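Listed below are the structures to be examined.
Shared between the two complexes below is subunit A, which has subunit B as its partner in the first and subunit C in the second.
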Partner chain A sequence: MKKEKLKTIILILLIANSLFLTNQIWFSKELWSHDYNFFVKWRDWKWVKVLSKININDESNPITMEHFFYPRKVVVNNGNYRNVYSHGDNRFFELNNEISSIFNTLLKGEKVKSEQSTDEEWLNTLKGKSFYIDYGVKINAKILARMAGYKDSSVLSQIDSVRDFIVAPGDMITNDIVLYIKDSERNSVIKFFMNYDKSKLTGIIEEFVSNSKPNYTFSFEQKFDKVNPDKKVEQKAILDPEILIPVKIEASQDIRIKSINTLNMNKIDKILKSFQYNPNTTRKYTEADNTIVYVENYSMLKIHPSGLIEYTETDEGKGMLLLPESADDTQAVPTVLPSEGGSNTLSLYESFSRVIAHINKVWDNNEFLFISSDIVENANKPGVYRFTFDYYYNGMPVIIQCDNENGQQDVLRHAIEVEIINGRLKSYRHYLRNFEEVSRAEKEIMPVILALDNIYKSFKPDQSEVKIDDVFLGFWENDTDVILQPRWGIRIGDRVITDPEDIK
Partner chain B sequence: MYWARVKTILIILFLVINIFLLVNRMISVDQTITVRSETVEDTIAVLNKNNIFVDKKLIPVRMKSMRKLEMYNSLQEVDLFAQAILGGGYHKTFNNNVYEFSKDSKTLIIEGIKFNYYDYSPNNAINDLSEKNVEAYAKKILSDIKIDYEDMAVKNIEKKDNEYYSITLIPRYQGKEIYGCYIKMNISKNGLSYIEGYWLTPGKYVSDFLPVRSITGILIDFIGNFKNNYNKPITITDISIGFFVDTSMISTNLKTIEAEPVWQITTDDGNTYFYDTISGERIGGGE
Partner chain C sequence: MLKRIVVTFTILTVLLSTVALAAPATVSVDDQGTANGLIVITNPDISESNKVSTTTSDYIISGYGQEGTDVCIYLYNPTDNVYKKIVIDGKSIEWEIGASGLFMQTIALVDGENKILIRAEADSNTYQIVKIDITLLKEGFLDRIKGLTIDIVKEKVFGIGK
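Moving on, here comes the complex of A and B:
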């Protein structure tokens, strides 16, 4: 009986070992005598890739072009009460669909009339029943139309770029509704009249204004947008008129950076392949802080332990050629760029879409990424673009503030910074991040006026006048904290500032 | 009873399968490529047509799979090295990623993995120094200053100005040379006066066995390097396989680096060319 038990154990061990060895032979990355290993090639087949994506545990969340053309915020104005919807709100997509449908009606161009408007009329419209749609960045008008499916729409031909627009029911006489579009390049406001069900629009506005959501006022309503000599206290900080000020004290949750220890060899291999590096042949070294450095194809790729990846071309003009999303990785890399119009200059749209395709290849969990640089033509150097992206959690930006490579402390960095020249990657920086709520409990945040006062005092100790472009609630990430708390910040041009005391 | 017999048969069957798989795995892991004699001759003919000459005996016909080798920066603890070479009481400065240590007539400069040591008045007399024993003295000096390579090959010994010997050593790992790393020393009867070198210590293999590109294919690619110099005949004096570290790409705060398996081709004009054995691409050397 004892002998039989021993035989059973031996048999099980032999079966297990044969399975292990078969796996080793089948799935090793070596060459077979006649060709590459069948199972290695098999993983690269398109249909296998498609099937492998149908995986319930797969956390991958690639970003689409459409994702970048969602408004940063939609303000629903219903007279005295005003709500803000942003990505992360339950009904954001529902509201965005309604707005898109109105915008598409405009782009169709049927029975659309336009005339010049004024800043004053723009602000007055924001006081009444209306939607205020803010993209957060300037977007080339042609690209905006193209994203809505109208490649050759003539309606926006008189506009260069759009950052925000207003939809309002218009007057009581006609059935036309009114769209005010601010041309952020020319600094003018155009007013479009178009035929649309006015009662439906009013209904949507009323449906989306809720007393359960916080109420806001625009800064121009509080007269924070201009120097007011009548005030007892002299106002030194001038706010952009469309900045939203919460009526009550805001509350928000803390968030946590999810562990980036998941950057295992498989993921590193995927990152290397996305930069057209061959994991078997690329030259590699490790720096004292455990940063892994790869050198290949006239470029250098660094993967830092903090989750930052940096790509830089080492020979000018020889950086990696970004391919369109439709291109298969296994296809030969074209040496001549296919471009619109037959010139060798890659268009803004094509450049941007290739950058998006590349981001998805590098990292597949990008649901919190949004564009933070303008998507506009570079008039001085066509084909040369710099795009930046930032993480946004529930509509609030995550500001990355860390020491840079030159030893400078607390430098502000974007989540992704890309430089592209005619489709070739010049440089690429990407902080691989993923966030989650710490708990569902919300904490009260410092009143905005108090926070603004603190920021102003620390930023302008000489008490001189300053024009503030944006006031926002955001999360500040530094090198040490894993839990990020919401804090007020201001934006002046490209600079983003928070209360230095608050961040401690 | 019947089940016991089935188990015995299955054990024998799986034993055979396991042996087969094990052999198969070992073969696939350590592939050896053999080049046919005709291929070698054809390659030599093509080389000759392009004014490149090579002795058939230099071309290896059997090539084993190679693995990448991890090398450690031994100069991470600069003070330990300074202590070993200068003793205590030295003066230390650090500017633009360069360490400089000085004591009396001695100076040690360290930048990343590169170091230079000068002693302007050495006083460790070596009375019996000769070409025959300079290698032994060089290795003893290296051992004294804690540069402890297990295996080093002498690349060159030269007597200069009838005063001192210049000796160049290159580290080896399991019999294969590590190109790019070297230590060059000037030793006279007064002792050691100069050392320069790139000091990396071999660690462990860090990849699977990767098949080696046949040297005949590499030699055909090598022709491309002389396309502009067809009129100038070139003779290949050595072909060897080893590891290569591209010291030009290394940052100053290096911790480890992967040494690539390479073919080294040496020509009679004194040049060496390095070809990655995995990709077949030229990765260093040349004019």
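Moving on, here comes the complex of A and C:
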């Protein structure tokens, strides 16, 4: 009797085990060979697509063009204290809407007067009641106006590109408020006077400043941007005037990369289709490090196990033609390049919008992506553009530093790097990433001056005097760390350096 | 015996190094320092006068200097007629300048005049003294000045008001 009971238990366990493993093979791992993968094919059926749209677990977050024109940070100053808002802060969008409304009033151009201003006036305005809006990159002024809904605004015609601007209540005598826009191409400052409810503007400023102690100072306020003529003491670091330095010790959460196992066959098929590859007929092989290589349409596509995808054209000028956002994947590839104004070159706006549409086709969860290269015309080669994007979490960039190919070590890469020539994709690199907080607890970060000391010591500059273009807090991803901790970094030209010691 | 000598030597070394690094607790009002090229104060701007005024009670003192220089901030004590170390939460404001050369420290001011002394020391015989008088204006003082200015402008330019 006892033996019979034991047999029954073992049998039940075996049946349960087989059911579990079958479930794993069929529904979770999808381990069938690709060409016969029922689970890939059935998702392409129309009724399944309809059903999947009402799937509440769908994490799809396509990005819109507007997403890339949010300011990197907004500094609100009530004359005594400052608050800094960036994407990820609770009230960022509320504040951004207020500023957009002011900017739109300017673009309308009604009762707007302008005059040339100076760098000195620009910096003095930053000391008083004001909003400082920083996009982090140079943006073509026409595109900025177009994104605000003014395709032919004449107000910004005297400006080439905008990186940052200031809104200030102006003097106390007239009713005009003042907008200072710095033309980053021409290196000049234009001052616009416009009619706007001044008391409303002052009210918004007060509403968004909640500090009663100084917590940020601009580098120019500490004269860290000036070269002192008195050479008795060696001045090693010269900071860009608009670098915002925290007075208090900053705190932030650690983050980690969500599992890349989500790159299942279904998603790989989606990636292949986004590059106009046919998943069923494309030639493919697997490299020693499990990188899958696909070859088709005069191009090569590599999907690395680390979540990096690389596309390169193999024949010059025959790369994939990027389609407008409205075009469907199934639409026939146009043989004649559509363009604005009838010329053969694709405009900056069209090129950028097609790149965004393509990114959305490749990967559907891009809420942390932000532009990190300038969106400006290429005067030397019209129609040729290189755009880079980086991941940002709570307003802080995630710097990818894990590329060790070809014997190179610690090469900094952007989350996405795209080269496009007249609408044709020359190359495309994309680190597929999603991030999440490790815990809600915030950790204190090393004071910025101490971090600058460590960074300066580590990179051993050629000359003693170094001009630092930016000082920022970021997350640094490398081959070894699973948890990404916030650390200080500096930017000198295109070079980005972090604190190697990471002492807390 | 040898063990005792080693222990004594170690303790003495530690004590002496601490004493050598620590800035003096007080600085005489007449002390002018022995050197002049260790630090440069960039904020406040004291290139023309060492008297400045502000409306912000938390004041930032910043500048740059030679790497390895020890810096300490003092506040004048009228009772003893000496400058004493500023102590916040039991800690004095002193630090060593790092590789970037930059420094930035916040001090809390009291209403009225605050006589500040910054002492930068390369070694016990080489030190620089910088004295700054910071006047903290009461809140609203600046607003009264602004209001007065506007009234004058309105009256003179626009013929409004008084």
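Rule of thumb we're sticking to: the second predicted complex is superposed on the first by the 434 of 504 C-alpha atoms of A that agree within 3 Å, B and C clash if a C-alpha of one lies under 4 Å from a C-alpha of the other, contacts with A are read in each partner's own complex, and residues count from 1 in each chain.
Operating definition for what follows: contacts are C-beta pairs under 8 Å (C-beta built on N, C-alpha and C of every residue); 3 or more make two chains touch, one makes a residue touch a chain.
Note that the structure is a prediction, hence the values are computed from the model and not measured.
Asks: Name the contact category of A:456: first (subunit B only), second (subunit C only), both, or neither.
Replies: second
Asks: For A:494, select first, second, both or neither according to whether it touches subunit B, subunit C, the two together, or no partner.
Replies: neither
Asks: Is A:289 touching the first partner subunit B, the second partner subunit C, both, or neither of them?
Replies: first
Asks: Now for A:235: first (subunit B), second (subunit C), both, or neither, which partner does it touch?
Replies: second
Asks: In the overlay, answer first, second, both or neither for which of subunit B and subunit C A:115 touches.
Replies: neither
Asks: For A:217, select first, second, both or neither according to whether it touches subunit B, subunit C, the two together, or no partner.
Replies: In the superposition, A:217 touches subunit C alone.
Asks: Both subunit B and subunit C contact which residues of subunit A?
Replies: none
Asks: Contact residues on subunit C for subunit A in the complex?
Replies: By the definition above, subunit C touches subunit A via 36-40, 42-43, 45, 55-56, 58, 60, 62, 64-66, 98-104, 106, 146, 150, 153-154, 157-158.
Asks: Residue numbers of subunit A touching subunit C in their complex, please.
Replies: By the definition above, subunit A touches subunit C via 80, 172-173, 213-214, 217, 221-224, 226, 228, 230, 232-237, 245, 247, 449-450, 452-457.
Asks: Can you list the residues on subunit A that touch subunit B in the complex?
Replies: Residues in contact with subunit B: 4, 7-8, 10-11, 14-15, 17-18, 21-22, 24-25, 28-31, 278, 280-281, 283-290, 293, 295, 300.
Asks: Quick one: which bits of subunit B touch subunit A in the complex? Just the residue numbers, please.
Replies: 4, 7-8, 10-11, 14-15, 17-18, 21-22, 24-25, 28-29, 31, 76, 207-211, 246, 249-251, 253-258, 260, 276, 278-279, 281, 283
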